[in-house]
Amino acid sequence: MATTGTRAAAAKGAAARRADLPFGPELGLRRDQLIEMYRLIATTRALDERMWVLNRAGKVPFVISGQGHEGAQVGLFFDLRRGHDWLVPYYRSVAACLTLGMTPREIMLAQFARADDPSSGGRQMPGHYGSAARNIMSQSSPVATQVLHAVGIALAAKIRRTDQVAVTELGEGASNQGDFHEGLNFAGIHRLPVIIVVENNGYAISVPASLETAVEDIASRAAGYAMPGVIVDGADVLACYRAGREAIARARRGDGPTLIEAKVTRLTAHSSDDQQTKYRTAADLAEGRQHDPLPRFRGELRDAGVLDGGLEERLAAEIKTVVDDATDWAESQPEPDPATAERYVYHEPEA
Amino acid sequence: MATTGTRAAAAKGAAARRADLPFGPELGLRRDQLIEMYRLIATTRALDERMWVLNRAGKVPFVISGQGHEGAQVGLFFDLRRGHDWLVPYYRSVAACLTLGMTPREIMLAQFARADDPSSGGRQMPGHYGSAARNIMSQSSPVATQVLHAVGIALAAKIRRTDQVAVTELGEGASNQGDFHEGLNFAGIHRLPVIIVVENNGYAISVPASLETAVEDIASRAAGYAMPGVIVDGADVLACYRAGREAIARARRGDGPTLIEAKVTRLTAHSSDDQQTKYRTAADLAEGRQHDPLPRFRGELRDAGVLDGGLEERLAAEIKTVVDDATDWAESQPEPDPATAERYVYHEPEA
Amino acid sequence: MAVRTLLESIRETLAEEMRRDPTMIVLGEDVGRKGGVFLTTDGLWAEFGEDRVIDTPLTESLIVGASIGAAVNGLRPVPEIQFADFIFPAFNQIVSEAARLRYRSNNAFGCPITIRAPYGGGVHGALYHSQSVEAYFTHVPGLKVVVPSTPYDARGLLRSAIRDPDPVLFFEHKKLYRSVRGEVPDTDYVVPLGRAQVTRPGDHVTVIAYGLMAHYSLEAAELVAGEGISVEVIDLRTLRPLDTETILGSVKKTGKCVIVYEDNRFGGYGAEVAAVLAEEAFDYLDGPVVRVAGPDVPGVPYSHTLEDWFMVDPDKIAAAVRRLAAY
Amino acid sequence: MAVRTLLESIRETLAEEMRRDPTMIVLGEDVGRKGGVFLTTDGLWAEFGEDRVIDTPLTESLIVGASIGAAVNGLRPVPEIQFADFIFPAFNQIVSEAARLRYRSNNAFGCPITIRAPYGGGVHGALYHSQSVEAYFTHVPGLKVVVPSTPYDARGLLRSAIRDPDPVLFFEHKKLYRSVRGEVPDTDYVVPLGRAQVTRPGDHVTVIAYGLMAHYSLEAAELVAGEGISVEVIDLRTLRPLDTETILGSVKKTGKCVIVYEDNRFGGYGAEVAAVLAEEAFDYLDGPVVRVAGPDVPGVPYSHTLEDWFMVDPDKIAAAVRRLAAY
């Protein structure tokens, strides 16, 4: 896999850094924040696993999700201002959406396509999140279109002087689309407050990185747009936090955009419609599991004494309750009423 | 103008190089080849100037052409194998088309939109050249689409093992289109025998380079596709020849694509529909004229003793005759017959 | 009342709306310092500055995509596509994104943008500077599509479009920019989207058209008037939503209808109008629903003789009207 | 004779054509090692190697644009767009380039490519995995558009498409891939492009459809047969060029016509069919030309209840047939 070398190198660098510096304080993270980050990652994972269980049980016809990507998303976006900054997500953004305030119940409403699903009222496939209340832009399926939306949001932020930052995420496969090029080019020219995060998991469905691009690192393309290109190990939550915080500060200062490439791993098949054993070897899959951010972050927090005194077990129990509740509650909610299906093609003036 | 610094630097480097080395022999160019290059550049210029005269005289409603770009095109493409390699041109490619064998008469047939115009039979606007006989691909107006055609032609050359090279040209403005990104990405992955030439004249119609991209050099983007990015002074014909020859050899060897950025100058308005004084200062225009490849190459050939013994005058007279003939002959040719207008929407089987 | 060309009317309306609404921005290729290749945005850059009048790179997908994002974050973008022919690189952003944002988010997000684009043939623009592209967009739920034909309507419709909370495509016929003049009141009137106009009342045949063809249809009506054929001409003005009430009302009266559009005939916008009549006016029709449209070749050719062959003109319309009137 | 699903028939035809013609290549996202997300290209990569079965990057414009170039330089590319919904990034390459290459070059260049794309709803694919996109392409001179509905036709039409010297769009309904089976001869037969087929003869009402709707129309015909309504069903198979002879012949006989398509109604493909009838069959029509089509919302919603609301089904078709028969 093309990304392995770099990912291993990034991991080694991060390990070396942490050897000299105890990680919490010098990053300015309080204990409760570290716990919150852990809770977000672990909750996302538990929710995500539940989706697949529901799918296998025949309760939801489709799942696409982000196992392996959670550490990068929580780390990179933890420093955003909730309800103020913008997230323009993609289908693996479950952790990012929770980080910006969506609730497990809301995620499950989308999964069950219920009437009150804030993302789409059951109109879109699961995995297409959005929340106007939290400045999470509604997403579509065609990949990479969202890069331009994030750029436009950042343009408006700059013109309106709102001090907002826009972040968007996409896969390394999607980053080869024309929209990526056009968006980064414009962001560079106008030094817009936007952060483009490429979550490189080495595959676009079945197509390996070596057939997607000729370069090892998507981040190497940043130079062509006069913006920093940052590579970060997506399994290293605090390295992601540091990279995210820097890019956010840079954007907020008016110093312009950043391209961040997080080297991550896709722990599941592409979606519930995919069989990844057809195109990935057992060794490749095993290697991928080595880069799971969750056990790694848990270990780091244990070592640092953050997850002590039974906290880990309490959190696990809480998360299980939350996910059970989200599942049961969402499942019990009403389906959309077909009488509403033709509404909201256009704006409907108040009666 | 954003490109000025670089262009000046490139020019200085080229001058230094020529001080040590007499230019003809070490490039492997014979005297007759140097004369042929000069003839191509000077003929193109004369043809091009004639188009504008015809336009002002009300004889042709539209001109778009390449004054200032001729040196780069002739230099870069002189080493191609005519009728074997492929050119995928754009609207400033008059010199490139002549280099690959199109005749002044053919160019003028397009200008007058005559029935026998090999580019389009008078169907397209002037400036949209093509010639199946010479492997010059028919071009459209939407910019940058041709990059993908060149890539596809190179893909076929590779699969069919034809030993062909495909070259394509576009402006620096067009290089910001999505198709450019997608094409270079694919060419890089498969190491295709294709050369993408960006002729950077500092403007996309009225939009200056500083509003088109955040980087000085389009060539800097080549790294993101794992291909060499070569910057060349488009006023330095022999530097262009050297860069073209290297890229052609590289492609022919199977070593893959090259992105070449030629820093050129646009000596005319964008087209006959444009008024460039509205957005360019007198100083900017004067500076541009300093980078005219024609007088410079003429001076170099004079200094080297190539244009001696009255040759320069003889060539000038010949060229004038050729352009007069092309103009008068083309003008006298019949217009397309409306009875043919609905033909060739689809293939028409032989009767 | 001031007399204006279509182009002047549009230019002034853009300026007025920018004065009225500080969140409105204009963006596109060459719209700034140059004032647009047709000078439709001339003066805006000087008055409103480069923050609100943005010369974009040569990237249509970005122009529309960034407009969508900017609209979601509080601006009211009025992007320009330099020629309608070059709207296709932005097709995905318009059709997949702008048109669907409200529906797919169940009304959580809207997309108030007005995409302006010069279109149409008869200007020696050949295949790629002559196209009518409306049919690609009139088919798309979530979009509105407007084609003004007079300076008065252009102003009133452009106001409605810019103030509309949904994405609008606003197509301006290049040949009308400077060739048509008309009175334009100083008031802040609007022409509502979705309402056609009977521009000439008549009894025997209804002719439905828009854009340049709305003018040619009036000329054709005049041509046959002396022959005793009374033509009612309807200028649709808005193509989506279609004002079925006005067209059905007219056809119920005349019983005969010619639909005129300059785009390629097969699958063009007029097909939908014909289909509506075939379904909803069947009981009133006294003759076939006739279409006069561009031939089915991939574009308007450049050569004058070929271009004339392609273009629908008053004579071709009049000929169809005569045949139908005699039916 | 072998019995095949639609999907098997297409897969085998691709393999056969690749064996027959060494210049044919297949390219697209996941078409190689994975064999396509629907397994339509399964086995090709193993048999023909990565030179001729190319897993491309996730870039539709490149997929089509490079196919055009490859076709010009001697290959016969059969690109796949993973879902018809994702064809829009390639819109410019298809409409501006592939469709016009021959015309704009006055026959100097041709563009023999066949773009395959799975389309259609009823598969819980929601807005972006359910679309019918044919109307955007049937309007384009220079393109041919094919929609097979049976394994037999799929094979015969795909052969014709691949061997055709011009660009063809070949849309395969996802819901038919595995749900329809049929006999497929071993012979090298072709089904010519541009010929519709009467799939059920009848006297009272003509129903014109294609794709999934061709099957639903047969079911609807069966539903009303017991009520004494004799329905003639036509499967268009090729949408451009349209076989006007067959449809006019049928409507002249029945005098009544229902056109069925699952795409959004307004400006959909059926509008053109209706327009042709309104113009050319006026003298024979005994009732309005009725369209049964998808509602005008921006996509098929995901929720089952909403999806059922959207989709045209045999009952909706039968209801329209009954109403028209009683007219």
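The first chain written gets the first letter, and so on, giving A, B, C and D; residue counts start at 1 in each chain.
The rule is simple: a residue touches a chain if its C-beta (ideal position, glycine included) is under 8 Å from a C-beta of that chain, and two chains touch if they have at least 3 such contacts.
Everything quoted here is computed from the prediction, not taken from an experiment.
S.K.: Farthest from subunit B by Cα centre, which chain is it? Let me know.
M.R.: A
S.K.: Looking at A-C and A-D, which pair shares more C-beta contacts?
M.R.: Counting C-beta pairs in contact, A-C comes out ahead.
S.K.: Centroid of subunit B to centroid of subunit D, CA atoms only: how many Å?
M.R.: 42
S.K.: Rounded to a whole Å, what is the gap between the Cα centroids of subunit A and subunit D?
M.R.: A distance of 37 Å separates the two centres.
S.K.: CA centre of subunit C versus CA centre of subunit D: separation in Å?
M.R.: 30
S.K.: Do you know which subunit A residues sit against two or more other chains?
M.R.: Touching at least two other chains: 120, 123-124, 128, 140, 142, 176-179, 182, 185, 189, 211-213, 345.
S.K.: What residues in subunit C touch two or more of the other chains?
M.R.: 56-57, 59, 61, 85, 88-89, 92, 96, 100, 103-104, 127-128, 141-142, 296-299
S.K.: Note which residues of subunit B are touching subunit C in the complex, please.
M.R.: Residues 61-62, 113, 120, 122-126, 128, 140-143, 171, 173-174, 176-179, 204-207, 211-213, 273-274, 278-279, 335-338, 341-342, 345.
S.K.: Any idea which subunit C residues touch subunit B in the complex?
M.R.: 29-30, 32-35, 37, 55-59, 61, 85-86, 88-89, 124-129, 295-299, 301-306, 308-310
S.K.: Subunit D touches which residues of subunit B in the complex?
M.R.: 86, 88, 117-121, 123-124, 128, 130-132, 137-138, 140, 142, 145, 147-157, 159-160, 162, 164, 166, 178-179, 182-183, 185-186, 189, 343-348
S.K.: Where on subunit A does subunit B make contact in their complex?
M.R.: 176-182, 185, 188-189, 191, 210-215, 220-221, 223-227
S.K.: In their complex, what parts of subunit D are in touch with subunit B?
M.R.: 23, 25, 51-52, 56-57, 59, 61-62, 64-75, 77, 89, 92-93, 96-97, 100-110, 141-142, 144, 164-166
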